[in-house]
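In what follows, a single structure is set out as structure tokens and then discussed.
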């Protein structure tokens, strides 16, 4: 089924069409489950004025943090950016815009973006700085705030396995934001550890159906760990 | 004497009930897992997408794809489930987690909590804290009763940007256990050897003390 | 001569493009799957939670747990994905399905469609039709051009309760192919042997006819 | 882990606490993936004045349809009830209330109910009878209607496998509404084909985590098929 074969063979092809000013929705939590090669390609392309939507912004020299060195990011929508000194500096210097968003609200905004739901009510953030300027409405006597969905020109995600049709399976907690991000991109690119033939993935155990995925590329991953904690 | 971090965790652990699903924040709350009382089983939820967090891995078991919300390598307990972050926060926001334990900079007598931001000083982000305080059935805050400079962290009204409103029900500090209700802190227990007067002097918000206040028992 | 149901389906199938994800409604739309042109592959979405609907099962393959949105037993095609109904309609509502083909009682010149309810006569419910017309990137309606009594189904304004507003882009009837835009039906093709005059006489809404209208080619 | 063992051994125990006037959220699509034994138990108990939230209402003598015979259902929220003559009669006679709800909106209402989202906007139903009395708001120039979430005292679902902790896996398209229904009940009961020990289900391939499930019972299923369609 040629029309459904999503596999591309170069990172150039994987990120083709990304342009200055685009919004990129990125999967990953910390350095776990991030599309390492796609991020490198964005750095190589030197695309500028990007809006990045991601739970975190990597660390100084790995993950989305590498896009800070050449000031490729204009704005970031994230829940936690505390692991990144360069980020903090650019923020304090006013070189980067940051919209801090509660983690669950961020996940739901991506899901809503992919699901055609332009906005939803949540109690999260009511009465806090997050609620500023947002509509408040009571349901059953409790106040909630209206949060709008997020979509982007591109979504970049990291999966464990993909088949050629773009069906994705994630491994362990490297799933995190990836399935929602995958639904919210106009063009969704998946960098994966292994590409299999259609039919090899059990249909009811696919995490992301191929309809959401436009391009699949096989990557090599360093999989850096932020905090190695062990027991004896 | 003021409790150690471990003792605070031990006291919080006494609040656990068999069959509880619990989310433990970073710091002292994480230690609670080490003191689950005998005969009680809890299941730990980690908001990045894991229900049934297990022990830290052995060196051989370390897997970059298996981390907790503190970005530490962990294992999955027997019977664990792993899911995406939207599903994880659906679980939290929907009130399915029985108890959340988390740290704070300040709590006030109306149950408001400030735990994520110190203007011009600390702008790391709220992570999942706002969702957790808005969604959990029950919330326990652990913190020192006062700052290093002696300033009370139990206030009439929080001064820092809030994490959530009217949500904290119980506080375990190094000096006391307090309930928050009806616009006041209610002193329930005191740390062994800590006087009610000391607690009064270190509580800036409205504090109610009724009858004899028992010492914590470990 | 008016097209047969099969011919309507054949004509709709000409609208398919390689790589399309398509949702086919019950009735004539279902038949479209039998006429996918050579060299073109489409993947069928069934809104109960199946992407990649396959052929009907053989007698031995029948499985009560494997049905389509019409509640017929089906198989999963190679490379199919199965998911829950919220995820299925997230896919539909979010505009990820390229084309929806469905039947209707009435369509009007503003692209409004009525397909689910005839007051006091038929109250079966809308099923997924309202989500499909609100969410699909492109919608083709198939129906007979007029009722058995000769009443036009292409109206100035729908008389029955609506399924969706401003959403129908193209209509394939037993007499014609029409586009809906700018508040009018545009006649694009006519069934072999059917005159423009007949189509005009059976179209109650505003109909634009420009130049020679070609016959459909099968 | 005694506190997490959700398995009960009788249908009485499975539906204990259900009372007149309760709202029941039921999984299933048509007759596919329905908790047959739990429905029979509700019939046996003769609980009355129920509000039932389910995509369909079964057929006359199977599925939720059996609750119509003794007029146990006061109100039903469903998307399609066309397979059931008795239902249509009670509706026309004014003996039952019906709130017809678009299928995707219904699925999302259940999900929202479980996810602590009291309401969301959708374009589905705008300009139709479904929109009557509902708030309308424009996003990006398109009008959407506000739909509120649904929860109930009980949720009844059918799964393929459960472990003792209540983790559920569904089989093929018998998944349908079951995962959302499972999140929306104050008490959620799962009737399953097979009970396995904790650890036997792969963690990242569990469809419904046990946190949502209060009781698990092993059932015997007839699995009636509405429309057997075959090829040669």
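Chains here go by letter, A, B, C and D, matching the order in which they are written, and residues are numbered from 1 within each.
One rule holds for everything that comes next: a residue touches a chain if its C-beta (ideal position, glycine included) is under 8 Å from a C-beta of that chain, and two chains touch if they have at least 3 such contacts.
Chain-to-protein mapping (UniProt): A, D = CoA transferase subunit A; B, C = 3-oxoacid CoA-transferase subunit B.
All values reported here derive from a predicted model rather than from experimental measurement.
With contact taken as defined at the outset, subunit A and subunit B are each touched by D. Looking at C-D and A-C side by side, the one with more C-beta contacts is C-D.
Work out the mean CA point of subunit B and of subunit C, and you get 55 Å between them. Each chain gets one centre point, the mean of its Cα atoms, and the points for subunit C and subunit D are 29 Å apart. Computed centre separation for the pair subunit B/subunit D is 35 angstrom, with centres defined by C-alpha atoms. Within subunit C, residues 50, 76, 82-83, 89-90, 92-93, 134-135 each touch two or more of the remaining chains.
Among the residues of subunit A, those in touch with two or more other chains are 108, 111, 115-117, 122-123, 170-172, 175, 203-204, 207.
Every pair of chains meeting the touch criterion is listed here: A-B, A-C, A-D, B-D, C-D. Residues 1-4, 111, 113-117, 163-165, 167, 183, 198-199, 203-204, 206, 209-212 of subunit A are the ones touching subunit C in the complex. If you check the complex, the residues on subunit D that touch subunit A are 108, 112, 115-123, 137, 139-140, 142, 144, 148, 170-172, 175, 203-205, 207. Residues of subunit B touching subunit D in their complex: 17-21, 40-43, 45, 50-52, 76, 78-83, 87, 89-97, 134-135. Listed in rising order, the residues of subunit B touching subunit A in the complex are 46-50, 55-59, 61-68, 70-74, 76, 82-86, 88-90, 92-93, 112, 117, 123-131, 134-135, 161-166. Those residues of subunit A that touch subunit B in the shared complex are 29-33, 55, 78-83, 88, 91, 98, 100, 102-105, 107-108, 110-111, 122-130, 160, 170-180, 207, 223-232.
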